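Letters are used for the chains, namely A, B, C, D and E, taken in the order the chains are written, and counting of residues starts over at 1 for each.
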Amino acid sequence: MKSRLVRISSRKIGAAPGSLVHVGEQKVEKTRISVIEYDAESLSEQILESADEHFPCPAPTKTQWLNIDGIHQVEVLERCGHCFGLHALVTEDILNTAHRPKFEEHEDFCFLVLKMLFFADESRQIETEQVSIILRDNMVASFQEKEGDVFDGVRQRLRSGRGRIRKLGPDYLTYALVDSVVDSYFLVLEKVGDQIEELEEELVDRPTPETLHKIHNLKKEMIMLRKSVWPLREVISSLQRSESPLITTGTDIFFRDVYDHTIQVVDTVETFRDMLSGMLDLYLSSISNRMNEVMKVLTIMATIFIPLTFFAGIYGMNFAYIPELQWRWGYGAFWVVILILAGAMVCFFKKKKWL
Amino acid sequence: MKSRLVRISSRKIGAAPGSLVHVGEQKVEKTRISVIEYDAESLSEQILESADEHFPCPAPTKTQWLNIDGIHQVEVLERCGHCFGLHALVTEDILNTAHRPKFEEHEDFCFLVLKMLFFADESRQIETEQVSIILRDNMVASFQEKEGDVFDGVRQRLRSGRGRIRKLGPDYLTYALVDSVVDSYFLVLEKVGDQIEELEEELVDRPTPETLHKIHNLKKEMIMLRKSVWPLREVISSLQRSESPLITTGTDIFFRDVYDHTIQVVDTVETFRDMLSGMLDLYLSSISNRMNEVMKVLTIMATIFIPLTFFAGIYGMNFAYIPELQWRWGYGAFWVVILILAGAMVCFFKKKKWL
Amino acid sequence: MKSRLVRISSRKIGAAPGSLVHVGEQKVEKTRISVIEYDAESLSEQILESADEHFPCPAPTKTQWLNIDGIHQVEVLERCGHCFGLHALVTEDILNTAHRPKFEEHEDFCFLVLKMLFFADESRQIETEQVSIILRDNMVASFQEKEGDVFDGVRQRLRSGRGRIRKLGPDYLTYALVDSVVDSYFLVLEKVGDQIEELEEELVDRPTPETLHKIHNLKKEMIMLRKSVWPLREVISSLQRSESPLITTGTDIFFRDVYDHTIQVVDTVETFRDMLSGMLDLYLSSISNRMNEVMKVLTIMATIFIPLTFFAGIYGMNFAYIPELQWRWGYGAFWVVILILAGAMVCFFKKKKWL
Amino acid sequence: MKSRLVRISSRKIGAAPGSLVHVGEQKVEKTRISVIEYDAESLSEQILESADEHFPCPAPTKTQWLNIDGIHQVEVLERCGHCFGLHALVTEDILNTAHRPKFEEHEDFCFLVLKMLFFADESRQIETEQVSIILRDNMVASFQEKEGDVFDGVRQRLRSGRGRIRKLGPDYLTYALVDSVVDSYFLVLEKVGDQIEELEEELVDRPTPETLHKIHNLKKEMIMLRKSVWPLREVISSLQRSESPLITTGTDIFFRDVYDHTIQVVDTVETFRDMLSGMLDLYLSSISNRMNEVMKVLTIMATIFIPLTFFAGIYGMNFAYIPELQWRWGYGAFWVVILILAGAMVCFFKKKKWL
Amino acid sequence: MKSRLVRISSRKIGAAPGSLVHVGEQKVEKTRISVIEYDAESLSEQILESADEHFPCPAPTKTQWLNIDGIHQVEVLERCGHCFGLHALVTEDILNTAHRPKFEEHEDFCFLVLKMLFFADESRQIETEQVSIILRDNMVASFQEKEGDVFDGVRQRLRSGRGRIRKLGPDYLTYALVDSVVDSYFLVLEKVGDQIEELEEELVDRPTPETLHKIHNLKKEMIMLRKSVWPLREVISSLQRSESPLITTGTDIFFRDVYDHTIQVVDTVETFRDMLSGMLDLYLSSISNRMNEVMKVLTIMATIFIPLTFFAGIYGMNFAYIPELQWRWGYGAFWVVILILAGAMVCFFKKKKWL
C-alpha cells in the first residue's frame, strides 16, 4: 500500500532534469510494441519482436498507432523519444509513473499524461496505471505500464473498419483512447457505488467497528481518486479548448463529449465523498445511541436494585434490638415495601420514557 | 435505490462514441409522439399512431412542437436525429438518461438536457426524469422518459390561445417548457421543506434513532438534488447569455426570469443542507444531554446507597465482639447516621445542581 | 413558521409567466398610496383615498415619490404597471413576496427588489418584508407589504427641506430608500448581537439544554439572514456599478457608501455564524466535561465502597469456622484494614487528579 | 465586551447620509492636533493649542503632516473636512469608528481607513483603534481615536532627518504610517502566538475546563481579528495597484513590501485559526480519553467485586440447611474460589488491554 | 518550538523600511562565500576567505554563481546589495528569514525567496531554511542560512560538465537551484507519508492517547507546511509566466516542469491533510467504540449480579419468621431461581447482540 499513497521518487531527487530514470514498479517483464497503421481502406498490424527493431516509418497518407506496453526499459523509451523528436523532459515524464495528469502542447506534437483506474476486487482498493499519449502529425504513440484491455475496444473498432474511426485521423484516435480511459473511471465508480450501498445497508442493519473501518477506507480511496480526477478535468478541459493545428475542428465536439463525462466523474466523486461523510456521522450517532441504550439498562437495573439491596442489608444487621425483626408480619411487610419501591421506580422510568 | 444513486452505464463502456444505446430503465411501453402546430391564429394537434409514420413537415410560418414520450426505442430516436439533422453524439445524449444537465449551441439548433424532479410520497425520495429539448428554426422537439403532466400547463395555454405564447415563436415555447421544469423543482422543495419542519418538531419533542435516520435520508436527498441543481444553474445561465440567433431579443427577459428562479432553487437547496446539518448537530447534542441525565440518575442513586449498604453490611458482620450491636439505641443511632449521610449526599448534589 | 422558511408558491406553478398573482400573506386590509412631489423649493403631499383614483402626473421639473403600502390588491398593481410602463414580469415580481433581492436595468426604468428586516422580540425571529422600488426619469415608486416606519426618516428629511435630498433627483431618493432598508439590517444585527452575548454568558455560567435550543435557533436565523444578505450585496454592488443614465454621477459616491454598509452587514452575519458554531462546540464540550465529572463521582464512590462492602460481606458469612470472627480485636482490625484500603483508594484518585 | 463585538450605531440609523455624528466611545478628553512640516533640509513642529485655531497653510515646497488625536469633537472634524475639501461622506466615515477598513480614491485626495490593533494583557482581548488617513497633494492628515505611540517611530525618523523619509513626499509618509499600523498587527500576533503555545502545553500536561474556555476565547479573538485583517488586505492591495497621481512611481515598491507583510498577517491568522481548531479537537479527544479511563477503572472494580460480593452474600444467608457452611475447610475454600475468580477477571482485563 | 511557529520579528517593528536587520537565529559562525564561474568550456571555483574581499567581477561571456552561506552578518549582505545594485528593501528581505516565499521582477534583476524544508528525525518536525536567489544578466547569487547539501547536486553537475547546465546561462542555473529546493519538499513529504502510514497501522492495531498526539502533531506540521507550499506555488507560477528578458525562451519548459512538481507537492499536502483529518475521526470513533465495549461489560456484570445479590441479601435477613429459610430444599431452590434469573439475563443480552 505504501508505494500507492505516496509514490514520490527519492531515487530521482538531485538528478539533472531530463535524466531518464524509470519511477514506479516494473509491471511487465519486457516492453512490447505493437504498431497499427491504417487509413479508411486498409489496416496493417505488426508487433515488434524486440525493442531494438526500427520503428516503421508511417506512410504519409496513413495514420500510425504505436502502443508501447511496459515503460521500465529506459533505453527503449529513449529511442522512442529520439525517434519522435521529444524533449528530454517529456520522455522523463513518460517514465515517471508518479506524474500528475497533464496536457502539453509542443511545437509539433501534443503530450498527454492520464491515469487509468482499476478496482482491485480482493484488496478493495483503486489501482492506477499511467498512460502517456503523444499525438503527432500522422501518428499517435501510447505508453502503458502493462498490457491491458482498456484499449481493446478501440482496436476492435479499428479492425472492424466500421464507424468513423478509420476515416478520421490521429486526433480522433487520440480522442478514442482518452474516451476509453475516462470510461474506466465509470467502471470504478460503479463498483464504489455498489460498495457504498452495501455499507449503507450494513450501517442501518448491523453496524460494527468493521463497518467504520470500511467507511474510512472508502473515504481514503475517494481522497486518492479525487487527486486523479481533478487534474483529469483540467487536462480534458485544456484539450477541448486547445487550438493546436493537430486537433481538427470536427474532433472538437467529441472532446466536448469526453469533457462532459469527466465532469460527471468529478461530480460523482464529490457526491460519494459527501455521502461517506454522512455515513460516518450516522455511524457515530449510532454508537452514541447504543451507548445511551446500554447506559439506560445499567441505570434502570442499578437504580431499582441498589436501594432494595440496602433495605435487605438493613434487616441482615445483627443489632441486639431491631424491633421490626420480631414482628409477626415483618417479612411480609418488607416484601410489600420493597415491591412498592420497585414499582415507583418503574413508574419513574416510564415517565422519563426510558422504558 | 441502486440505479438511482449511481446510474452509470457499464453497458455502454467500450462502445464507439455516438453509438445509440438507451441508458436507463424503460418507463413506458411504447414511444408516443404528439405534434402541435400553431401560429397566433390557429392550432392543430396530432398524435402519431406509430413511430414509423413520417413526421409532418412544419409549415414555414408556423411553430411546431413535437413531444416524444418514451425514449427507449432507439430506432425512433435515430429517425428523429436524422430528421432534425442532429449529430450522433446529441442523439446519444438524448438516449442516455444518466446525462448531466447541459446546454449546447450547434450550428442550426440548440440542445438542452434538463432533469424534472418529482417527490415520491411513499418512498420519501426525489425521483428524476430526463427531458431533452431541441430548439430549431421553427420547431421545438422535447423528449421525456414517460408521459407526464409537467407540460400540461403549456399545452393548455397553447390551446386557449390567450397570453403571448401563441404569438411568440419556438424560443418562447422553449422558455415555457424550461419554466415548467424549473417549477417542478419548487414543488419538490416545498415538500422537502415540509418534511424538514416536521422533523424539526420531532427533534424538539421526541427525538428517536428513527429521527436520525430521517435526517440522514433527507440529507442524502439534498446531496442528490444538489447534483442536479448546480448544473441546472449553469445551463440556464448559458441559455440566458446565449447569442444564438434562434433566441430572439424579446425572450431574453423571460430567460432572465427563469434564471432568477433557478438561483432561488440553488439557494434553497443550500439552506436546506445547512439546516439539516444543524439538525444533525442538535440531535447529537440531545443524545449527549440525555446520556448526561441518565448518568446523573445512576450516579445519584449509586452514590447515596452504596455507602449506606456498606454500613448495613458492617453491622451484618458476625464478629464475636462488635460493641455497637449491643447498645440499647444502636439500631436507632444507625438510622440517624444513615439519614444524615444520605442528607449530606443530597445537599452535595443540590450544590452541584444535579438535582 | 412554515411559510417563513420555505415560502414557495405552489399556487403559481403552472401559471403563465407574467400572470399577476399575489404570493404571500396579506398584511394590511387596503392598499394605501401616498404621493410626495417635490423640488428644491416646494413639496406637496397627497394620499390617494382609493386605489381607483388616477395617479397624478408628475410635473416635469419635480420629483415624484409614490409609496404603495399593501400589494395584495392585484388590480392596483396591474394599473401601476400599465401606468409606469412596466413589463408584466416586473409586476409579477413585485407581487411575489418570496422573490430574491435583485436589481434589473430596463430601458427606461430601474427595478429593485429588497428585503426589510425586523426582529420580532416575542418570537425571537427575524421577519422580512419585501420592498420593490421602481426608479424612472422623474419619479420613484416604492411598494411595501404593509405600512411601516422605515421610510419615515426619509419623509421627514424631505419635509424639512434641509440637507441635499430636496435638491437632488429621484436617484438620490432611491439611494435614501435603499439606505433606510440597509439600516434596518443593522438594527436586527444589533439585537442578534445582544442575544449572542446573553447566550455566551449563559453558556459559561449555567448551560442547560434550553441554551442549546437557543443557540440552534439563532443559528437557523443566521442561515435565513444569510439567504437575504448575500443577494443584497450583489444587488447593491450592481446598483453601484450601474451605468444607467437614470443614476447621475454625483450619486455614485452615496451608493458606494451603502455598499460599504452592506459589506459590513455580510461580514457581521458571517462572524455571527462563526461565533454561534463556536458556541455550539463549547456547549458540547461543556456537556462532555460535566459527564466526565459525573462519571468521576460515581467511579470514586463505587470504587471506594464496593470493595469495602465485599469485605463486610465476607464477615457476614455464616461459615461454621471463620477464625477472624473469634479474635478479640477482630472488629477493630477490620476497621483498620478498611480505612487503610479506603485511604489507598483516595491516594490513587489524588494521584490521578480525579480529586 | 458588548460594544467591541457588535459596534453598530443605532444612534445613526435614520439620519441623513453625511450627517456628522461620532460613533464609538470617547477615548480622550480633548482633540489634540499636531502639525509637522518638513522638507529635506528643515522640519518644524507645532501643536495647535485649541482646535479653534486656523490650520497652518502648508508651504508649497514642503510636506505637511497633520495628526489629529481624538475624533469625538464633531465640530473640529467638520472644520477639517471643509479645510481639506472632503466630501461629507468621508468626514462621516472618519467619525464612525465602527467603519470597515477601506481605500477610496477621490479626485484630489486619497482616503484610507485602517484599524490599529493592541493586545490588552489583562483582559486577554484584542482591542482596535481606527486610524483614518487623508493623502493630498502636499499634505497628509491622520486621525486617531486617542494619542498613541504607534506613529512615534515615524516622528522619530522625521526628526532625525536620516533615511529617505525627509527626502520623499507625502505618499512616502503615508506608506510609513500604514507600515506602522501593519507592524502593530505583528505585535498582536506574536502575543497570540505565545498564548497558543502556552495553551498547547497546558493541553498536553493538564487540560482543565478552563483550558477549553481559553481556547474558545482565543478562537473568538481570531474571528474578530479576521474581520479586520481580510479587508486590510484588500485595502493595501488596492493601494498598491492604485494609479492615483498622488502616489509616485518610486513609492510603489514600498507599498508592495507592506502588501507582503499584510499577506503574512492574513496567513498567520488563518494558521492560528486552524491550530486552534486542532486544539479544540484535541481537547475533546482528551476528555473522551479520560472518560474512557474513568469508565475502565469503574468497570474493573465493579466487575471484579460485584460477583465476589454476591458470593459473600450467598454464604451470609440464613437458610437452615446450607451444607457448605458446615464444612471444615468451607471458609478456606471460599477464599480460594474467590481469588481464582478475581484472578480470572484480571486476566480477562489484561487480555482486553484495559490494564 | 516557539520561534518556529510564529517567527515574527518584534525587534524590527518601528524600524525604517529598508533598515538592514537580521531576523532569525544565527545558524553558522561565519558567512562563507563561494564563487563558481563557468562557460561551456571551463569552470573555476573560488572561496572568499573573508567577507571583506572584493567580489570578483564576472567575465562578460561567463556565468558566475555566488553562493553565500550564513546571512547574519549584516555588513556582508549590505556590501552584496551595493555590489549587485539591489534596492534596500530587497536586501532587507534577504536578511529577514521570516519572509514569505515571493518572486519579484526588478528592472535589471529578478529576486526569489524560497523555503527549503528538512525533516528533523529526532523532533519529528519539519524545519525550514530560507533561500534567496538573485538572477542578473550574467550571474546568480544565492543566499542560504547555513551551509547545506541541497545545492551539491547542482555543483556536481556543473563540475562534471555533462548535461546542458554548462551550456545554458544563469536562468538555467536559477532553474536548477529552484528545482533542488522543490526536490527537498518531496523528501519531506515522503517521510511524512511514511509516518502517516505507520500511524494508520497503529490506529488500527493499538490506538493509544499517544497516537492521538502524534496525529495532532502531524496535522500541525501540515498546517505549517501548507503555509510554505501555497506561496511557493504562486512563486513558481509567476516565475513560469514571467516575461523578464533575463529568462530565455528555452528555459520556459524547465520552469513549467518545476511548476508541475510544485502542484504535485500542493496536492500531496492537501491529501495528507484530508487523510489526517480522516484518521482523527477514526481515532475518535475508536474511542467511542471502546467506551461502548467497556460500558457493555460493566452493564452485563452489574445487571446480572445486582439482582442476584439482592436475593442473597433477602435471605440473609434476620426476620424472626422467614418461611423459605426453614424449607428443606430452600437453599437448592434458591440456586435454581438464581441460575434461571442469570440465564434469562444472558438471553436478554444475547438478543440485544451485546454478547
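Assume a residue touches a chain if its C-beta (ideal position, glycine included) is under 8 Å from a C-beta of that chain, and two chains touch if they have at least 3 such contacts.
It should be emphasised that the depicted structure is a prediction, and the values quoted were computed from it without experimental measurement.
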{"item": "Shared interface numbering between chain E and chain D [over half = same, under half = different]", "value": "different"}
{"item": "Separation of mean Cα positions, chain C and chain A [Å, integer]", "value": "42"}
{"item": "Centre-of-Cα separation between chain E and chain D, whole angstrom", "value": "26"}
{"item": "Residue list for chain A, restricted to those that touch at least two other chains", "value": "284, 288, 291, 295, 298, 302, 306, 309, 313, 316-318, 322"}
{"item": "Graph class of chain-chain contacts, one of line, ring, star, complete, other", "value": "ring"}
{"item": "Order of the ring members, counted from chain B so that chain C is second", "value": "B, C, D, E, A"}
{"item": "Chain C-facing residues of chain B, complex", "value": "152-153, 157, 162-165, 175-176, 179-180, 183-184, 186-187, 189-190, 193-194, 196-197, 204, 253-254, 256-257, 260, 263-264, 267-268, 271, 274-275, 278, 281-282, 284-286, 288-289, 291-292, 295-296, 298-299, 302-303, 306-307, 309-310, 313-314, 316-323, 353-354"}
{"item": "Touch list for chain B against partner chain A, complex", "value": "1-2, 5-6, 8-10, 13-19, 87, 89, 93, 98-100, 102, 104, 206, 209, 212-213, 216, 219-220, 223-224, 227, 231, 280, 283-284, 287-288, 290-291, 294-295, 297-298, 301-302, 305-306, 308-309, 312-313, 315-318, 322, 324-328, 330-331, 334"}
